[in-house]
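Here come two complexes built around chain A, the first alongside chain B, the second alongside chain C.
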Partner chain A sequence: MSKEIKQIAIYGKGGIGKSTTSSNISAALAKLGYKVMQVGCDPKSDSTNTLRGGTYIPTVLDTLRAKGKVTADEIIFTGAGGVYCVEAGGPAPGVGCAGRGIITAVEQLKQLRVFENLDIDIVLYDVLGDVVCGGFAVPIREGIAKHVFTVTSSDFMAIYAANNLFAGIKKYSSTGGALLGGIIANSINAPYSRAIVDDFAARTQTQIVEYVPRSVTVTQAELQGKTVIEAAPDSAQAQVYLELAEKIAKHTDSKTPNPMSVEELHQWAGSWAEKLLKIETGEVAPKDGI
Partner chain B sequence: MSNLDLTVPPRREDRHHETCLAYGGTVCGSRRPGKRCALMADAERGFTQGSICSLLPGLGIMCSLPDTAVLLHGGVGCGSSIHGINGNVRAGHNARRGKPFDALWFSTALNEVDVISGGDAKLERAIKEIDALYQPQVIVVVASCLPGIIGDDIDSVAAQVQPAVNARLLPVHCEGFKTRFMATAYDVIYHAIGRNLLPAPDEKIIREEKTINVMNVGSMGRIDEIEIERLFEELGLTANFYPVFARPESFSRATRAALSISTCPTHDDYFLTHLEEKFGVPYLIRNMPIGIANTSAWLRDLAEKLKLPQVEKLISAEEAELRAALQEFLPLFKDKRVFLSAGEYRSLATASLLKELGFKIAGIRSFHYDNFAEVELEKLRAGGEDFTWNVANVQPFEEANLLKKVKPDLFLGHWHGNQTAGRLGIPTHVIYNTGYGYIGYRGVYDLARRLHRKLSNTAFTDRLGKYGRLPYRDSWYQEEPFAYIRSKNAANAE
Partner chain C sequence: MTSILDEPLPPLVSALERPRWSCALGGALAAVGALPRTIPVMHAGPGCASNFTWMQNGSGGLATGGYCSGLAMPGSNLQDSEVVFGGHERLGEELANAIKIMDGDLYFVLTGCVPEVIGDDVDAVVAEYANDGKPVVFASTAGFKGNSYFGYEQVLKTLFKSVVEKGAPKQNDLVNVWGVPPTQDVFWRGNLQGVARLLQLLGFRANYFFGSGADLDLIKKSAGARLNIVLSDLYGIEAAELFKELHGVDFISTPLPFGAAATEKFLRTVGAALKVSGEAVEKIIDAEGRRHYEYLEGLLEVFNDMEAQRYAIVIGDANYAFATADFLAEDLGFLPDLIAVTDDLTAEKREILLTKRSARVAGRYGEKSQVVFIADGAHLTEAVDDTWRAESWKKYHPAKRPAIVVGSSLDRGLAAALGAAHLTVAFPVSNRAVLNRGYTGYDGGLTLAEDVISSFIAAR
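Let's turn to the complex of A and B:
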């Protein structure tokens, strides 16, 4: 019996910084000495760009389309720090079925037994946005990933997406699906941002794994086509990612979250809107408002 | 707004207020006091053994069209029923054109990669290739479930490719998963024809005063059309049979006809309304010319509309001749109990025919129910008797139980639908077979002659019943045949 591979799925609303966070976690894990594979599950196929000098790699589905079958060396590419990079790929915008694409790509990886053959310690699935259909739930069901982390900012739309994800996790939790490791709070600078995500975590009975501040270091690194770990290894931001990676590597017990109902979520968001308005108008001091 | 303005036609269950797939009771019991029908629109079976995909009747019609290629856009298995349909297509061409032609059909055979990337490009290639290699007048592009789920846009592909090909492209949306009512297929095909193959309504129409559109159905053979032509000739009329086995030119001829008449009301209303609204062709949709009284009523409707008083003379002469010819068969039929199973209207109309031959109706199974059936149900209710009536989209287990209890002397079932009765030792006959006559006065005689022969020697089914067996446990036969039928809402409320 081979060692247990730690499989982790990172979900979150589109544009929230999932791929940036995932790539930096992967790079940090590699730096900590783990053998890591990052699997991009998004038709945009840019999850691993910053691990590969800003370049795109051929996707599982492109290769499957072109050749009819795939081999491991056609779809696995080594990135910065030795992170193995895979992009599932998908259809062009507006056609076909991206969800089915993810199902097929993940099946291919399983059939090729790439995790075992490469002696991987940790696999990170970077999954597109909302759990809009069955395909996007693949990494969290059928026991593929064990732990889910969600990246969210304090924006309400990002929190809605996280809440949807929690509903998806809860649905599959009784049938061997993945459970929730916690929230990675991204772009947390304003004091109220932290209060909002803290409140959300409390309401849904989960935890904040790390607060990642918005930082110009990240932008600079991305413009060079690099992760922060590679481009600015001594920066404060790199330190945040390293701490996050350490926590994820040591994380063992995930839980079933308790998502809010649609009404609860609206009420909850409404109460926060009122508080923020009072802070904005100076009716209360920021410190007291939260 | 007409439904024809929509890309995709509405489903039967959305278009009709009263539709039902599961009912077990009686013909008279189906009428609620003071209301039309007691059938539950939301009736469900707790156990379902089978159902009918709308692609089946849809492909039956499309594959019959001469000079037409059918391109099935979907998984290759969706076309498997065409191998069965093809026998009917060959026989139909043989009867009409003197030579058997196979259905010309193709499949884009979508695979996993196509599902992910979308099948549009493959569809475009297939259309161009069929056009170049086979040069059909029409290419019907049929979307099965798969493109419906992944969102392939067959209408856009057809519109984009149309200038590059000679064939007229006819996009048809026949996604089986969308409807539980196979009759939706008829609407879907008429919808596509109405949108794509008829002349523009503003073109000047030169009316053909003696031409009548006779809407035929896949279960109607050429022999039945000949009977209608014979009767029409007596009235000085010409029939434009349409759409089954109809050439593309009879589509435009349909817009010039003096009148349209349906031979199966559940089949045609969608298109008849369109022909009347857009091209001023009035229509009749009430009776099915199966049975003596039904055929006479069908002709009377027609004659009344066209002001042809000579119809009465024709009817009395035909009826007299037929009744005299039937005499030799009637003693054997007297009080024999018969069970019927077929499409909604056909099963009910044939029950009226068999009553005229002296049979007792032991029970009827209709594949579905919609409001069109009421005319025919009323005729059966008016007779003062009541009959067991089962609405079932196939469900052989229910049929087996029912037949064991009802114990009929004769069973008339759908093409391929006589196995259950046969293995129970009940003499069977097909309720339609496109090689046999059923329609008009001639049809009554032909059917009576065949039933007489069948009942004169039942040795075959006697032995089948003795040695054949059905796969159900004895305990199932102890239960009520309709034990699994219940209201979905009631079930949810439990």
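Let's turn to the complex of A and C:
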């Protein structure tokens, strides 16, 4: 019997840090001894850049378009620490159908049986920020990924996107879709940011898997075209990613989240606005306010 | 040029069986294929062209001809790669090659579902050629936006917007005629030409856009026409409003004139609209009528002998259902008991038909005459059961026989179940080869009389 491959999808608002976090998780998992593949599901095809020295790799769809068919070695590239990198690719902005592209690319990977052939332990899908059509929901449908992790900051719009994602997960949850593993809270530095995401997790009945601080180490690594794991292996930030990776590797039970309705979400945000104002005016000490 | 965002949303259809039309692309393709020296360029996924060639034309009197149609037409044949990366480059390539290889005076791009779902900017591709002086136009005809009739209307609108020249010199003897969707009206060629002959009797030249005798130069100059005549209560009306808005030509809408009675009305209405003196019109009616009835007399004995005055079930689209029922009632003295209109119509459009047609239906055909709107072929038998079988069950009143079902090839089973004769006139007609046959005008009436009577003796 073949082993079960752990397939994970990372979703979240555009620009929130999905690719950065995914690449660092992948690099950390590899360091912990797992065989990892990261699949960028975004026409920008920049998901795996920091695993590949800051360079772009040929995408599944570009190769498919040029040659009519693809082989595994044309689309899989080995990155730092031995992480296998794949980019689905897609059309230029404003033309064609990127969603259909994701479907096609994921189908190709399935057909080529790359996970089995490479004996992969963990696959990470790094999916474009806004799930604008059915194509971008493919990794969490049809029994591809089993677990979804969402990256969010404490910004309201990021939380709004996470809440929408939860609604999508709930929708497919009864038909064998992926379930929610938890929230990766990114760029959490101020104490109130932590309180906000904690409260959001509590309200939607999910958990925070890790708090990742905003750190200049990440920026420095990115500028070298590297993950933090590779560029600053002994840094505190690397330690955070390693701990996160370990939790993800051990993670087994995902759940159906309980998203807020739009109205609830607005009320919830409103109540936080008041609290933050009180902290700002000094009416409440930062610690007491939260 | 047409933008997909300009178009009003068509009515929603859930699901229906045995529809008597094809999709917007099908209706549009039938129309473009019927334009003189025009090359259709299909921007669609694989399968559409062959589907229309065999299914649609095969159901439209078998004629697959046209200047460039059937499987000869160019198409972009969109594959997975075009869906993902956009189909505009493929269309540009296809268009360039079509212009190079195919000898045409107009290249007409039609879109199927695929490019419109992914949002191909067809306008931009077409504009590139049009700005270059190439005769390329485009109609947005995704199947999910409507059926054949919608596609026909889209083609008309594109013609009026992009082909008909603004400010053409007035031609006082010219009238434009449309409202007969090619192939969807299986007898479109004959019907258009029959109407053209009637207009000739009134002293006018007809520009009828489609089929043999239509002329692209005349189409381009058609803004100079005196009047637009729409041979339909529904099809081509929106296009007529657009024509009026763009080129300032008024229109009238009249039913398809099948046979002598309807033709008389047609001549009077059109004559009045074109300011032909009443006296002259009556003279034409007199002379043509005399000739017509001389012929019809030939069937008089057999008509009486066969008890050929029958109850009829008439099934057809908004054009055919009423035109045929009128003919059967007024020219042959039949009793059209049930008139089933098979279009998928909004409540508004049903209302238009009922107000325009039902007075005549109720007044002339007796109280039992009923109009039903049934787009779903599966429900047609129920309507027949309600109005018809219920009657014929009565032991001593098998009052509604003998009978005839005048409809489409889909109604063969119904006719057989009723033990009635069966004549196919409405789409789909797959049991007849139709070339120049038509039912409009006096001569068309003779042809329809022949067809009706022949259906009674088909088994001899």
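Going forward, the second predicted complex is superposed on the first by the 290 of 290 C-alpha atoms of A that agree within 3 Å, B and C clash if a C-alpha of one lies under 4 Å from a C-alpha of the other, contacts with A are read in each partner's own complex, and residues count from 1 in each chain.
Keep this in mind: contacts are C-beta pairs under 8 Å (C-beta built on N, C-alpha and C of every residue); 3 or more make two chains touch, one makes a residue touch a chain.
Computed from a prediction, not measured in an experiment: that's the story for all the values here.
K.L.:
Have a look at chain B and chain C on chain A after the superposition and call it: clash or fit.
P.N.:
The answer is clash.
K.L.:
Would you check which partner chain A:216 touches, where first means chain B only, second means chain C only, and both and neither mean what they say?
P.N.:
Neither partner.
K.L.:
Which chain A residues come up in both lists, the one for chain B and the one for chain C?
P.N.:
On chain A, the residues that contact chain B in one structure and chain C in the other are 61, 64-65, 90-92, 95-98, 100-101, 104.
K.L.:
Sort out for me which residues of chain A touch chain C in the complex.
P.N.:
Spelled out, the residues of chain A in touch with chain C are 61, 64-65, 90-92, 95-98, 100-101, 104.
K.L.:
Name, in rising order, each residue of chain A that touches chain B in their complex.
P.N.:
Where chain A meets chain B, its residues are 61, 64-65, 90-92, 95-98, 100-101, 104.
K.L.:
In their complex, what parts of chain C are in touch with chain A?
P.N.:
Those residues of chain C that touch chain A are 80-88, 117-121.
K.L.:
Any idea which chain B residues touch chain A in the complex?
P.N.:
The contact residues of chain B facing chain A are 112-120, 149-152.
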